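Each of the two complexes below includes chain A, the first together with chain B, the second together with chain C.
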Partner chain A sequence: MRRYLFTTNHRIVGLQYFWLSVAAVLTGIILSVLMRFHLVYPDAKLAWFEKLWPAGASGGVITPELYLSLMTMHGTIMVFFVLSVTPQSAFGNYFLPLQIGARGMAFPKLTSLSFWLTALSFSILLAAFFVIGGPPLSGWTAYPPLSAVGAVSGPGEGPGQTLWIASIAVFCVAAIMGAINFIATILELRARDLTMMQMPLTCWNWFVTAVISLFGFPVLLGAGILLLLDRHLATSFFVPANLLVSDHVIAHRGGTPLLWQHLFWFFGHPEVYIAILPGMGLISEVIGTFSRRPIFGYRSMVVATFGIGFLGLLVWGHHMFTSGMSPYSSIAFSVLTMTIGVPSAVKTFNWLATLWGGRIEFTTSMWFALGFVSVFVTGGLSGIFVGQPVLDLYLHDTYFVVAHFHLIMGVAAIFGIFSGVFYWFPRMFGRMLNETWGKVHFFGTLIGVYALFTPMHLAGIAGNPRRYADFTTFSFLAPLLPLHRFMTWAAFFTALVQAVFLANLVWSIRRGAVAAPNPWRAETREWTSVDALETKAPDKTQPRRAAFTGLFALLSALTMLFAAFGSAFVVRRGLSSDWGRLQLPAATYTGLFLLVCGSVLLELGRRRFAQPRYFQIFWFSSAVLGLAFILQQIFVWKQLAASGIVPGTTASAAFFYVMTGIFFVCAAGGVIAVCLTTLRKAPVFPIPDRIAVTAWFWHYVAALWLYLLILFYLLG
Partner chain B sequence: MLAFLQCVMCFRTAAAQQVERARTLNEGIYILGIPPLCLLTAFAYMAYRRR
Partner chain C sequence: MNGWWLPKAISQHALSFDLQFARTLIAALVIFGVVQCALIVVAWRYRANRSGTASPKQGVRNTRAELIWTSATALVFLGLLFMGSRIWAEVQFTAAPVDSEVIEVLAKQFAWNFRYPGLDGKFGRTDIRLVNDAAGNPFGLDPQDPNSRDDIVAAVLRVPAGRPVKLTLTSLDVIHSFFVRELRMKQDVVPGMQIPFHFRADVPGTYEVPCAELCGLGHSQMRTTVAVMPAADYDRWKREQTR
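What follows is the complex of A and B.
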């Protein structure tokens, strides 16, 4: 058991992720069914509701607050713990090394750590069900001021919302670790006979997904930290002045909710591609395999994957068309949004061209791949409507948007996941899933989701706003009740069909037909090579290069975190009138001197690593300077606090505390790394690569401090 | 000029914009938008070098 829990074996970690996401998806489905039930039977009394949620369902009737909590938890669980985890972390960790002929992931301990952090994050989120007030009700987007002002704005906005933020912050850290691992593994650990352009498309899509995760999750982490401080340290990043909530005047001042949208959607839109890109790669393999043809236009698929990743990072503003953003910016974001249709269409046409003239085998995996193409195109078409600023003014926050993103992000990605489960199940468990029940599951699901989400577009066009717990109280929406009843029964049907899959999964693991080594006659390495160890022995320089690539990825994530703070700093400063200039203590400047001297000493030591005595003197001196910086920073905070400047005093002070606080963690990590590298004894010592990686990290830390000083000196 | 190509509602909104507010948000967008593009280019280059 202990070996299973703390394993660094990529296959076992992949399975751990898989079972975690199965638990998550079951939870998410149950919550969605409850929501749909409440929408059409808002006054229904069910005794077990009250047993489950004594406060939220008093008398057995779901309260509007509980409805919003169910919605929030459904969205969060599905987006983070199903769509982000299964296709990338579960399938990726299991199959990436097998597909590229590596012996494992580049950083095995990081693989395990990222899983356990994800599991911890999920546990923290579920804990919100059991705290006073229950789960949060601000939606998976956690828009302030609702999410920022505490329990005064609703029962779930007390500890429940705090747990939500903590859960997402931990998830972000886990996702960043996973992304670093994927990038280093793909770039550096491929078998020597496998070039990048020979990799399966799954690997390319995992790679681009990892890169955009590396950019998106740090920004969400930064936004989450700021939100947490607004809630608990009386800062005002997102909460405007003179806000009146439930007859309480909120004491915050000068913040802007627009800032949260700006940061959140920088992550939120790429998240769509984090969810769907791995599915695109997977179905490319599946369609090729079951059409008995190589995928049409491999190179264009690779370019389109990068194109989607590139453009996906530039369109977050289309979620803010109605926020008061300049219409000129809206035009830019709209054009970029439309442009994503080009690489998406390239992929779609390539899938169709692969099918054309192929000897198609309609296995369940293939059906789900075809279903993916279908719902991807359907959901993509409605995206053209909401990508237009003028149409979005009307459609924003209606069920049209809910239908759109469920089809393109939810259902399409989940069809990709199902396709992957049916395709890779024989490799994962050594047995076959039952094909007949698989097809029953596919057609049931396909009919169910179209029956559920097609009418939802109509409800949106009719002006039905989302997030209303009881829309029937509005006379103009009452005629939509039959439509909603139909959707609710479609949801029940779709949920019921998933029981078929679950039974098939559980039964087949124990009693399914024993799988042949390559039952699909596929041509990728995970099938053709019984074990990755059969591939050519890895190059000895690979771990070294992986360390440098991993470092570059880590520094990219840190860059994005501080870019997010920098962007928030500029927006908060420009959009409010309460900005008080912060006089930086002199010690912050001497801190730069200490860090730069430390860098110079590290370089001098690095050049003499062959002479351990000199090396140790230089590096210990550098560690002492780092320690001096850390102590000095504590002194600076104490000095500021003594003069009455705490995070809640002014916005600039809040930013100073946040950014230097995160920097403090980086510097402390740097000092520990320098000490550990210096103390490493023979025969491992000296290790030039470890030394180089540590030194480069420290140089980056010094440069980062310079960036902070310039920011605060010029604008603070 | 671009504003004249828009519908009346958008033109009105554009005309009513506070220049400073729009500039601030644009600066925020640049600060958040440019680093990932540079970094993505770097990763694409790394992939190209290791082809």
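What follows is the complex of A and C.
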């Protein structure tokens, strides 16, 4: 049992992720069914719902605030714990090493740790159902001030919202760990005879997904930290002055709600590609396999994947056309957005061209891949409406957008996941899923989602706002009710069809036909190479460069985190008069001295690593210097607080506390790493690489402190 | 079906919007039809009941076909964008005309309030400590300020037909969004910001204004109306209110 839970075997961790996402998707579907039901029968009383959850659904009525809570949880669970987890973490951890001929992920312990952090994050999120006020009602986007001023802005905005932010922060950390692991594995652990340009497209897509995760998640983490501080330490990053919420005067001042939107969508838009790219890679392979053709335009597929990933990082502003942002930047964001249509079109064309002239076998996996192409095109085409600022000014925040992102991000990604489950099931469980029931499930789902989302566009075109708990107040919404009723029944049908899949899954694991070693006659390594590691634990020796690559990825993530803080710093400083210049305590400068001396000592010790005595003296003294820095930093905070400067005092003080606080964590990590490396005894005396990685991390930390000093000296 | 499509267009911009919407819709439907049909036809035509072996990994390429396909898509998308941007620029890159009716919009959970400067053309001072809905002072108007005496405060918006109107949007608490479907425009109302929003409605009538940004539990009930009145009626109304 313990071996299974805390295993570092990438295949078991992949399965753990898989079952976590099954639990998450079932929760998400139940929430959506409740929502759709309430929309068209707002006054219905659900006796069973009250029995199930007496605290939340008293009287069995779904109140508007409960509806919004269900909606927030549905979105959060689906986006993070299903669409981000299944295609990347579940399939990726399981199949990436198999596909590139590696013996496991680059950092096996990190693999397991990232899973458990994800599971922890999911538990924290679910805990929001059981606190006073229930889950937050601010949507998965959590726009402040709604999400920042506490329970006065609505039920669920108390502890529920805090748990939500905490959950997302933990998820970000887990996702960053995963990304580091994926990047190091793909770059450094490929079999010797496998060049990058020979990798299956799945690997390329996992790689690009990992890279954009590495850029996106640290920014969301930073934003989440700032939001938590606004809520609990009276800072004003996002909350402006002079607010009156439910007759309560809010004490914050000077913050800007748009800052959150920029930070959130800098992550939020790449998140769409985090969800869809792995599916694209997979269905490319599936279409190739079942057409019995090589994938058309492999090279252009790789380029298109990078193009989508790169452009995806530059288009966050298209979520903000109506936000009050400059109308000129809207045009820039729009041009970049429409440009994404090009690599997407290239991919679509290549899929069609792969099918052309093939001998297509219609397995369930193939059906889902074809379904993916269909809904990807459908959902993508509504993107050319909302990608134009002028049209978006009408369609934004209507059901048109809901239809758009559900098709392209939800359904397309889910079809990719289903295609993957049917394709890889024999490899994962040694048995086949039932094909007949699989096809019933596919066609049911396809009909269901088109019946659900096609009319939804019409509701959006009629101007039906989204995130409405009921349609009773506005007379223009009345004629849309029949349409909504139809959509609700389509949603029920679609949800019901998923039971077919669930039954198939559970039944086939135990009773399915035993699978042949390569049932699809595929060519990628997870099928063709005999896996010597079926029973053995993964190899513990890491190829030497993986550690460096992992370090580089980690430092990139830290850089993104501090870049997020830095840009928030600059924006916030330029905006208001409450900045309040901060006199840097003298100890911040001596801190730099301590860190740099530590760096020099590490380098001196590194040169003498062959002589353990010398090495240990040098490294131990630098650990002492690091410890001195840490103690001194605690002293600095105490001193500042004693002189009346706390995070809530001024904006610059808030930034000082948060940036030095996060820095503190990095420095403490550095000290621990140096100590661990120093104390390693022979015979596992540290190899030079381990020493170098630790030293470079320390150098980075010292440089980071210099960056903070310059920032605060010049602008603070 | 009535009510399942774009509502009536009541401004020049709304008509331009409808044209751009139609262009985009045609492009989207054509691409949709072509690609979905291609998918079905190709899949049907190359179906195989007999088995074959997969061919070698390294793939087929057809650079010319790819280039044509890519540039055609880019051309359609960027062409649409160009046409749309001109409409966007007409509204967003120009300031409201100087003779616009100036009206302040104050959003809060879960109501809209509107304020007109009255005949003196000046808005009075406000203070959130004076906000009192029960006493009919949602803006927190300072009665000491002479400018505030003739300010008109209303819960529904009235605007003159055929004349430019400039709204200044502010929020007292969280983000809301001011959405007039018939104008084909919406604008988020962000606390801490004063966002201008200008338009000229030509067709008299009363139109519903929903809140279009999630603002809390009463979001779906946050309703007001905008009455586009014949200019003479509007002027008469305004005189009566000021008196």
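Going forward, the second predicted complex is superposed on the first by the 697 of 716 C-alpha atoms of A that agree within 3 Å, B and C clash if a C-alpha of one lies under 4 Å from a C-alpha of the other, contacts with A are read in each partner's own complex, and residues count from 1 in each chain.
The rule is short, and it goes like this: a residue touches a chain if its C-beta (ideal position, glycine included) is under 8 Å from a C-beta of that chain, and two chains touch if they have at least 3 such contacts.
This is a predicted model, so every value here is computed, not measured.
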Touching partner for A:T549 - first (chain B), second (chain C), both, neither: first
First (chain B), second (chain C), both or neither touched by A:T454: neither
First (chain B), second (chain C), both or neither touched by A:Y298: second
Which of chain B and chain C A:Q632 touches, first, second, both or neither: neither
First (chain B), second (chain C), both or neither touched by A:E523: second
First, second, both or neither for A:V219, with chain B first and chain C second: first
Which superposed partner A:A563 touches (first chain B, second chain C, both, neither): first
Chain B versus chain C as contact partner of A:Y328, first or second or both or neither: both
Dominant contact partner of chain A by residue count, chain C or chain B: C
Which superposed partner A:S621 touches (first chain B, second chain C, both, neither): neither
Shared chain A contacts, counted only where both chain B and chain C touch the same residue: 258, 327-328, 330-331, 389-390, 393
Chain C residues touching chain A - in the complex, by the definition given at the top: 1-7, 17, 20-21, 24-25, 27-28, 31-32, 35-36, 38-39, 42-43, 46-48, 50-62, 65-66, 69-70, 73-74, 77-78, 80-81, 84-85, 87-89, 91-93, 108-109, 128-129, 131, 172-175, 177, 179, 181, 184-188, 190-193, 195, 208, 210-221, 223
Complex contact set, residues of chain A against chain B: 183, 187-188, 195-197, 207, 211-212, 214-215, 219, 258-259, 262-263, 266, 306, 309-310, 313-314, 317, 325-331, 389-390, 393, 549, 552, 556, 559-560, 563-564, 566-568, 570-571, 573-575
Interface residues, chain A side, partner chain C - complex: 63-65, 68, 137-139, 143, 145-146, 149, 153-155, 198, 240-246, 249, 255-258, 288-289, 291-300, 322-324, 327-328, 330-331, 334-335, 338-339, 341-342, 345-346, 348-350, 352-353, 355-362, 370, 373-374, 377-378, 381-382, 384-385, 387-391, 393-394, 396-398, 458-459, 461-463, 465, 467-476, 478-480, 483, 521-523
Contacting residues of chain B [partner chain A, same complex]: 2-3, 6-7, 9-11, 13-14, 17, 20-29, 31-33, 35-37, 39-40, 42-44, 46-48, 50-51
